[in-house]
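Next, two complexes with chain A in common: one pairs it with chain B, the other with chain C.
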Partner chain A sequence: MATAAQQAGVGVQLLTGSEVMANVVRLADVDVITAYPIRPYDTVMQYVSRFISNGEFDADYIPAESEHGQFEIVKHACACGARVFTGSSGVGWLYAMEPLAVTAGLRLPMVALVGCRALDDPGAFGTEHNDAMLVRDLGWLITFPDAAQEVVELGLLAYRVAEDPKVFLPCAIAMDGAFLTHSQATVRLPSQEQVKKFLPPYNRGDMLLHPDNPITIAPQANEDWLMEVRRQSSEAAKRAYTVLKDAHKDFCRIFGESTNPFLDEYMTEDADVVLCGLGTLSLPVKVAIREMRKEGKKVGLVRLKWFRPFPTEELRASLSRFKAVGVVDRDYSFGSPFHGGILLNEVKAALYGLDKQPRVKGFVCGLGGREVLLENVKHMADEILAIAKSGKADTQVEWIGVRG
Partner chain B sequence: MSGETLYQIGTQQLPLMGKVNAIPQKAVEEYYTSGHRTCQGCESALIMRLMAKAAGPRTIILGSTGCMYVANTTYYSTPWVVPWMHTQLGSCGSAATGTAAALRALMRKGKMKQEPINVISFCGDGGGVDMGVAGISAALMHAEYNHLIICYDNESYANTDIQISGASPWGANTTFTPPGKKFRIMHTRWKKNIAALYAVGHTRCNYVATGDASFPADLIDKVRKGLATPGPAFIHTLDPCPKGWDYDPFYSHKLGELAVETGLFPLWEMTNGELTYTGISARLVYGNRKRRPVREYLEAQGRFHHFTEEDYAYFQGEVDKMWDNWSMPGVIPFKLGEDPAKKKK
Partner chain C sequence: MSVISFEIVYRGIYQKTLANKISRTLVLAAVKEGKQGISFGRYSDSPERNGIPAKLFGYIADNSEELQAVAAKYEPKQVDVSICVDDTMCKGVESWAWYGLQPITAVTKPGGTLIVTSNYKTDDLVKHIHRRGTPYKLAIVPGGASMAGLWVYKNDGTDARVLGAALKAEPSICSMASLEQAIRENIGGDAHIEAARASFEDTRSDEVKPGQGNTEVPFTFQLLKWTEMREGVVIDGVGGHNNYRDLEGGYEPGRNEVFKKWSTRTMRPVVAFDKCTKCTLCWIACPDTVFDVTPDGYFDANMEACCGCGVCEAICPVSDCITMVNEVVFEDRGSQYLMWKKDAQAYQGYLTDKRKKGKVEKRFPITGLAAAFSGAGLDGGHNLNSAKAKSVKDFK
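What follows is the complex of A and B.
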């Protein structure tokens, strides 16, 4: 049986999100990879390790002793000029929280897969976005692919943008556990030549840790310098927006796919209302929209492909076209404004100050991997349509598909 | 220096010191210089200096959070002449593995010039005896990566105000274990036998040693041997700390000597499965010299000033056990038992 790598570039294949990510890692010629088991991200390492053992690409592949070790190893490899890949899920990702914070502080372009998973306890393997979202304030770029094919685009962009010297920030590829990590879909993988054209070698420049460049990295800065260092990170995070936009143009030129770098809009041209969310939510929403359209309900979808950099301007331009917006969170933020999810509050903040603001209502659904059913989506869309019709604000955040 | 054995240390062929007066001739250059803010009498700073001196210029040094990070590397006044990078308190081993892995992968793939580069990762007793044990343990199992891990042990979390660590000696007064009216002895655990733990549990690690800045030639030689030995290596040093141990900085060197002379901290090295005691410790083991009473060492330090006769006796008794009952004094704390088949009869 031909392996995925052998088949690369020869048309369409049936692959899981994890398998596509493993292929991106292979095509990107990653140098150092660390693994530690936790579901559901770990399937990517099962594919990566098979590539390594079959000699399909050359990397130092290290199964580590914990997530802390896992992320520290690649952090240091990255400082020495190695392109790296690692990943985790749920509480494993949190076990690595210390390296996650310092990697961003050190401006190291680590690329990591988060197989989004509920934070135990109580035990749950299913998708929730709180794990990935926990690095949103630290300088990490965060992207949420919605389908296996999009992992090619966002995975390659992750390396390209993170390693751009104007950015030098780590990037998390947040994949919905099971729904994307383990679900097969038809995918067209790019060729090695295409990837070479798109992705220049990682060059750490004058920040390389090497005897030829005897620098001291991360000394004590304290109140004398830390604020300037933080400001530099903030500027890098701002620049990530433009770098991503330019890189996306290159991506379209070389691979001929994708349309918008930041937003995936579905049936929005004539929509009265839209639902707004992240990741694989788009699947049931798109199906529900098609069914609702038959009933004459003008519903659309605006999905954010990137959560960091947050596409503020794009989102303001897009959402101000509609009468009402339903923000669907697959996460929670207990005790936050209106007890809404993280995405809701970020979207609301982005829209604040617009002359023409849509009404925004928040929903929390699909926690712990609970399936978002067509009837759930239709219910949310009907709520938004009702708000659009009445024009009245509704700040109540509704939990969808929850018992009791 | 004809006829002398040279060790491959990074890109250089370097000799061993043997005696302390060889250092000014054989290891002149300093790679850890001015710019640090360590305390007067800090033996850990001396470990840093000797370690960098031994390794030479083609070296990458990684330092875990601790005194030798916080007091050593202030922005704009680094003492490190060689490239240096901070690593987290619990990631000394991971830093060594990651750095060595990057060098190996990049050189193999033709992305970096082929040359041997020394990788040294250091941590204090917090990083080497408490928090970082799992990472160091993992790092010592990777026979394919060349690096040296040094645990500079000043027997407390000295940078954060002298709190107890897994390496603090029994009974010591630390800010987390102050002697009081109800409990004279708040710290009731014996110091971890950390170098032996790493040596015994990591059979692919071919070089493990203990060192002490009071014996600088011995230490430089151990660093050079550790770096020249293929695969990972580990060195544990005992560093008298005026602030944490509560004594006049003038006595740092003396206390370093006493720790060895009393038998509390034997100097040894394990090379490719063979254990050798070095310096004074060898003379103590082979009966050419007698151990000094441990009381001389304890009485010189304020952290033991609350000790009673009973405490001194207990401490001496535990040290005696290390020498009289252990199969290898101060290293292997057990002996081969009787054949159970014979026992039945």
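What follows is the complex of A and C.
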């Protein structure tokens, strides 16, 4: 066998998205981890605990009594200066909603994995983004990796940005259940030295909850105080944008990967229209685009790597280049302006007021873990091409891949 | 473009690690030669319950663009190699995901290979496998269903032997040297490598011709449109307080016609009605309401509904009245009671014959899973018929 060919496999591991996240947790030398099982998040619990039991990683690993307790424990550990990791899925994540809100309110840089899962009932565990999206207004940073390899970048950036004193906000790494949490793909992991260079120790500074630093956190504060507190959070969320941009430059310098901090643009240079979405949607969209290009259809993809901070400027600059845009939601926002999804509403809001606006049409697809098939993508792209051609607005949100 | 795809059909949850080892190692062996690969499960199977048929898939491609092109289609519609690590699933699989009953070769390519771990012969299995319009090859890796476990991986070498057979079926995956290296890194040492090599050399496949096999039409159903479904996630009950079969009297509970779950079964109860005292314990204890009540007060285990847990056998107070027998020795799901009523003597012969061929011995009471750990009956891997078979301890 050729040596070169064999070398191609060197350093490559076959890992699920959850497994890569566990490796990021190990490489980031996290101090305190709490766990409470719910799929698809729970896979990461198993990988982290295996590292610990094998002696490959040293951390406090606390199985909690519920998601509420799980998030409370790391929230407090985080206030005491511990780098933390936790996570959940679907209604488990929602059961922790109180600590989730408070963690952001108290500016604690918790990093959590959301294994995106439908909010059951009815009993379901396939991916939908509504669980992760439910913290979008609270100050949480939210990132959507599209493949196991990208979990390295976005996972490390999550710690770096969340723990930056200019930000101090929690970060959710939203992984599509099954498609990313459970699929094993070939991944190259960075070295411990590289990660050390990139990720400084978490320093809570004078906000540290410690007997040597007597402070009170979160006393009662009513109408006399709260608006100012909220204003601070808003500024921190704004600053996250710049901090992330700078951190990403550093990431590229050290790891030599990734091109754009906020957007993954695929075949957009000469595109007439693009589809816009989050997460693992990129796989069928990229493959469909390659096939459609052969037919002369100039379609591209603009994927948001980060939903919070929302890359408003980048998105305005990017999408205004195209005649029409299809926003693909793997979530729903019932009763919202066009009865589509959350991403659609945000993209439309971001584009409003631009002199040169593309036509925007919304799609809802892939709910409950339904596969987004190549024919689904091609159908959406054809719809958008038709809008680009006619130039007529189409505010009708279309459901893709639903029976009936 | 050259892409190789494979599936591993296994029983949740205790064969999950086994299937995962096989899938991973196969992909990693190909990656050693510069190929790209991905391994993933049918996620809907993933809340695995004891015995539920589940699937893992893998793609191996020359480059990442080719890999993406197939991975974007998710579950393969056709695979080069199907691997089934429990021969009772040759009768078809009904996954937790509720797709109806899928023939074991549902996605095996025309001319592709089905590898089954089994102590039975080709003809014994072919009669269970649903016939199809295209030919396929059947290769048997000697040994029963390995109960390699989930949390504790009782490695009996099944993984390595299946890998050897898979490479034989599809030599373009990688070289034997790469497979050996991958086995060493992901499974075990010399004993495993030797087992893989032996399996590679020994495994023969027989061609199964179009039309050959089980003539039964697998049950299916139509998924409803959103406009047809009841709102509020309400599902109508199956209802029914029915007479026993076509007879007057007796009782047969209403059952879901399209979600039967019997493919979960690795063994079934056979009832010696002559010994039955009508004590009702099996009927009461059965967790799936499998026992139909006959007009004359006997209890007939309905094979359309039985998951094969063995609770009835464990609770039956009469010795040799209810016996669990390996599912592979049966070719039908008919009523034992009616067979007995028709000809008690012939039924006695049937009973004796089936017990002789497949009685599942030495199980702990109550749980079906216990069979897995008691080293009897279903316990595979250990009872290798292959000349080069190794005992479990050799794999430690």
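Operating definition for what follows: the second predicted complex is superposed on the first by the 394 of 404 C-alpha atoms of A that agree within 3 Å, B and C clash if a C-alpha of one lies under 4 Å from a C-alpha of the other, contacts with A are read in each partner's own complex, and residues count from 1 in each chain.
In this text, contacts are C-beta pairs under 8 Å (C-beta built on N, C-alpha and C of every residue); 3 or more make two chains touch, one makes a residue touch a chain.
Note that the structure is a prediction, hence the values are computed from the model and not measured.
Of the two partner chains, neither chain B nor chain C is touched by A:385. In the superposition on chain A, contact of A:289 is made with neither chain B nor chain C.
In the overlay built on the shared chain, the residue A:161 is in contact with neither chain B nor chain C.
When the two structures are aligned on the shared chain, A:151 is found in touch with neither chain B nor chain C.
In the superposed pair of complexes, A:99 makes contact with chain B only, with no contact to chain C. Within the superposed three-chain model, A:68 lies in touch with chain B and out of touch with chain C [touch as defined at top]. Contacts of A:216 after superposition on the shared chain: chain B is touched, whereas chain C is not. By the touch criterion given at the top, residues 23-24, 27-28, 31-34, 36-41, 43-44, 46-47, 65, 68-69, 71-75, 175, 177-178, 223-228, 233 of chain C touch chain A in their complex.
On chain B, the positions that touch chain A within their shared complex are 57-60, 62, 69-70, 73-76, 78, 80-88, 90-91, 93-95, 97-99, 101-106, 108-109, 111-112, 117, 134-135, 137-138, 142. Against chain C, in their complex, chain A makes its touches with residues 1-2, 4-9, 12, 14, 39-40, 121-122, 125-126, 177-178, 182-186, 283-284, 286-288, 290, 369, 371, 373-374, 402-404. The residues of chain A lying in touch with chain B in their complex are 29, 31-32, 58-60, 62, 64-66, 68-69, 72-82, 98-99, 102, 201, 209-211, 213-222, 224-225.
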